[in-house]
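A, B and C label the chains in the order they appear, each numbered from 1.
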Amino acid sequence: MIATVEIAPMGRLRAGRRWKDRAFTAFLWACAFLAMVPLVLISVYVVSRGWHALSVNFFTKEPAGPLDPSAGGIAQSFVGTGLIVGMATLFSVPLGILTAIYLAEYGRGRFAGAVRLIAEVLLSTPSIVAGVFIWSLVVVAMGTFSALAAALALTVLMWPVIARAAEEILRLVPQELREGALALGVPRWRVILRVVVPTAGAGILTAIMLAVARGLGETAPILLTALGNDFINTNPLQPTDAVPLRVFADARTPVAALHELAWGGALMLLVAVLGLSIAARAVSSRQQKRMT
Amino acid sequence: MRRVEVADLSAWYGPKKVLHEVNVVAEPRKVTAIIGPSGCGKSTLIRCMNRMHEEVRGARVRGKVLFDGMDIYSPDVDPVDVRRRIGMVFQRANPFPTMSVFENAVAGMQLGGRFSRSELKVRAEGALRAAGLWEEVKDGLDEPGARLSGGQQQRLCIARALAVEPEVLLMDEPASALDPASTLRIEELIEELKRSFTVVIVTHNMQQAARISDWTLFMLYGEVVEFGPTSKMFTRPDEKRTEDYITGRFG
Amino acid sequence: MFAGWTGAVALGLVGLLALLLAELIVGGWRTFDRFGLGFFLGRAWNPVRGREAFGALPFIFGTLVTSAVAVALAVPVAVGLALLLNEVRGFVRAPLASFVDVLAAIPSVVYGLWGLFVLKPFLDRHIEPFMTSTIGTVPVAGALFRGNPNGPDLFTAGVILAIMILPIVTAVTREVVAVVPRELREGALALGATRYESIRMAVLPYARSGIVGATMLGLGRALGETIAVSMIVGNVPRIGASLFEPGATIPSWIASSFREATSVGLHRSALMALAVVLVIVAFVLAALSRLLVRRTASLVSGETPGAAETEIPKVTR
């Protein structure tokens, strides 16, 4: 049998061990603090400095030229972002959702596995690579930078995002629902379009919102494809401005008034992107409650 | 001494109260069994006896657990210290899968301080012998602990707890996942262990409680129905509900 | 019919990846063909006709250095944060977790703007001179921290990248830490382990390969990040010991020279060759990372035999 040797009385954990435990706990909280600092600082700076830029001119005017840059705005960037992201959404939503339907409803075996893997691989593609791809494939071939090219570059990024996220959502739709409809003699494709997709509706919306949020903030791929423009352009085949491009360009000038416009643009981007992510979260949590 | 006394102990998981003012005493060098149907709070009670209960998210406790007269829930007591003196064996054997048999056996004692290799060997052998596992593993001490059979793994976990040299051993259904032969080994082991330890065991198997324990606590819906000497509980219980449960008319 | 359509679109996604790789490799081929290994080892970058020289070494160097700084700074914080999120209970947990997610949603140009106007001046004025006068005096390794604190530099770019990859590294580490079974933690605690000891005994050994995987994923993100780095790093092809001097990364160099390369065949090809290098490294890192993370899950589930459920009720909040 085990002989019981002297044991420290209760309540006296050896000092070294306790110290280590406390130091470790302190380290964990320090990590949380360190992670919070940039978030807080970025929000504070973007809001406080961007706030001043917001004026009627900011939203309605094109850049005013070197003599009085503060009189100008970035209207062309808003129009361009709308045009580019709008087209990209138009392309990537049907593609993404059809891919998701294939993966969730029809896909079996190796091919579906390969498609899923490729979606993952595309998700890990650095965004500038999508830019270089479309730059070479479309811009060089067409002989011009254009909103269309930018929309295609964003489609390369948004298609797999929607496909993977929507697939997850479709898989959550209870199997009984499909079987119930199939048992009524409804063809499978109608069951999917009339029953499965509407049931997953809010979740699919979430997937789309997240993809759009990503598209709105992307800079590198549209830099290589849309180039930028000082004037409002609505022709998809012409070089076009966008809010992130304008922030990028203005920040690198030595002109203080343009820096202010850049902060203003950053504020709009932050509000739009965070707004979309938060809304997406709210929608998806409500959806989850409904389905379970 | 090594007497564990639970006094007016209540416990919660989040808003749900799972123990209602429980009172029980585990006498030194005796086996105290806690029985009752699933969900009656017996696991919670035993986990409260070495402050493991609080490791579950949202868990809360009120009342006292006195260890030789000292409240283990008093604010100046460190739960780590409590657990070194009141060891625990779980329902599901949980040896550390990346460690060898030997490393598993000494995992706990190495936390307490530095030991020489030879000292570790002596203590590991002692603990493995006490857990009745030595003969089976002495030639494979460097094998992964996860490669042992289920019953051996459970005895390895007992050895691991013994190597820390606790004064009380809590066992939460230690044999429920084992085959009959392994269960027998564990029961024989408990007989041995009670010579030097205070043993508290949770079991859903009444025959097991009757075979191995000196005292029995019967619980229902988080409350103590009856607590008394095992011989009396299983022959002429005071409470009708105890009799119903023991004779199988219930739950 | 409908099934065929969806299948065709799914096939389209496969085609997209194939087309992307083919376009880049075909585009970059001229450069690989003409310069061979010299493309990877050369230091000169000259697009002037007749004197063309395209060497990627300074960009490979800059990419590795900024990413290494980012990983070195972000991984310890991310692991700490992931462990904390696994430990803490109650009201801090959910907001803390969503704050980290918010960090992931901030567009990279916003990071760049903030880095350029806020972080860079701060590091230039306070941190970099301090580092020069302290660790900069250490022989050999100190050379990393000597140099002109003012102006764009690799270190600042690394710090911004660290902030940007923090959320993804934290998220993957959390996933890995969460699969460690509770029984193992409890086994350690019941032996009288402190919280720290229980993490070291029963969490880190299983999470280790997953944490390496998370690090690789973060590294992949850092390597490919373009705009924020491009605004801060200086875009100067340079190889040197000091972290406080400017440099250029593969993406930042593509972003700053694509415009003049658009109409010049060989220059364009050289940029595409850079993109090929980037995409291959990113894919390899992503694949390795997934492999390692998956190994963690199988290590934990495969080696502990499944038995009866524990009786403790799972608390739902």
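Criterion: a contact is a pair of C-beta atoms (placed from the backbone, for glycine too) under 8 Å apart; a residue touches a chain by one contact, two chains touch by 3 or more.
Note that this is a predicted model, so its numbers are computed, not measured.
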Relative to chain A, chain with the most remote C-alpha centre: B
Pair of chains whose C-beta contact count is the highest in the structure: A-C
Separation of mean Cα positions, chain B and chain A [Å, integer]: 51
Distance between chain centroids, defined by C-alpha means - chain B, chain C (Å): 47
Chain centre separation in whole Å, for chain C relative to chain A (CA means): 17
Chain B, residues touching no fewer than two other chains: 80-81, 84-85, 111-112
Shared interface positions of chain A, touching two or more other chains: 13, 17-18, 21
Residue numbers of chain C (touch at least two other chains): 194, 197
Contacting residues of chain C [partner chain A, same complex]: 1-3, 5-7, 9-14, 16-17, 19-20, 23-24, 27, 76-81, 83-84, 87, 96, 98-103, 105-114, 116-118, 163, 166, 170, 194-197, 199, 217, 220, 223-227, 231, 251, 254-255, 258-259, 262, 268, 271-272, 275, 278-279, 282-283, 285-287, 290
Footprint of chain C on chain B - complex, ascending: 13-14, 16, 18, 38-39, 42-44, 47, 50, 52, 55-59, 80-81, 83-85, 87-98, 107-108, 111-112, 144, 146, 150, 153, 157, 160-161, 164, 172-173, 176-177
Residue ranges of chain A in contact with chain C within the complex: 13, 17-18, 20-21, 24-25, 27-32, 34-36, 38-39, 41-42, 45-46, 94-95, 98-99, 101-103, 105-107, 111-112, 114-115, 118-122, 124-130, 132-133, 135-137, 139-140, 156, 159-160, 163, 188-189, 192-193, 213, 216-220, 223-224, 227, 244, 247-248, 251-252, 259, 262-263, 266, 269-270, 273-274, 277, 281
Interfacial residue positions of chain C with respect to chain B in the complex: 89, 181, 183-194, 197, 201-202, 205-206, 299-300, 303-305, 307-308, 310-313, 315-317
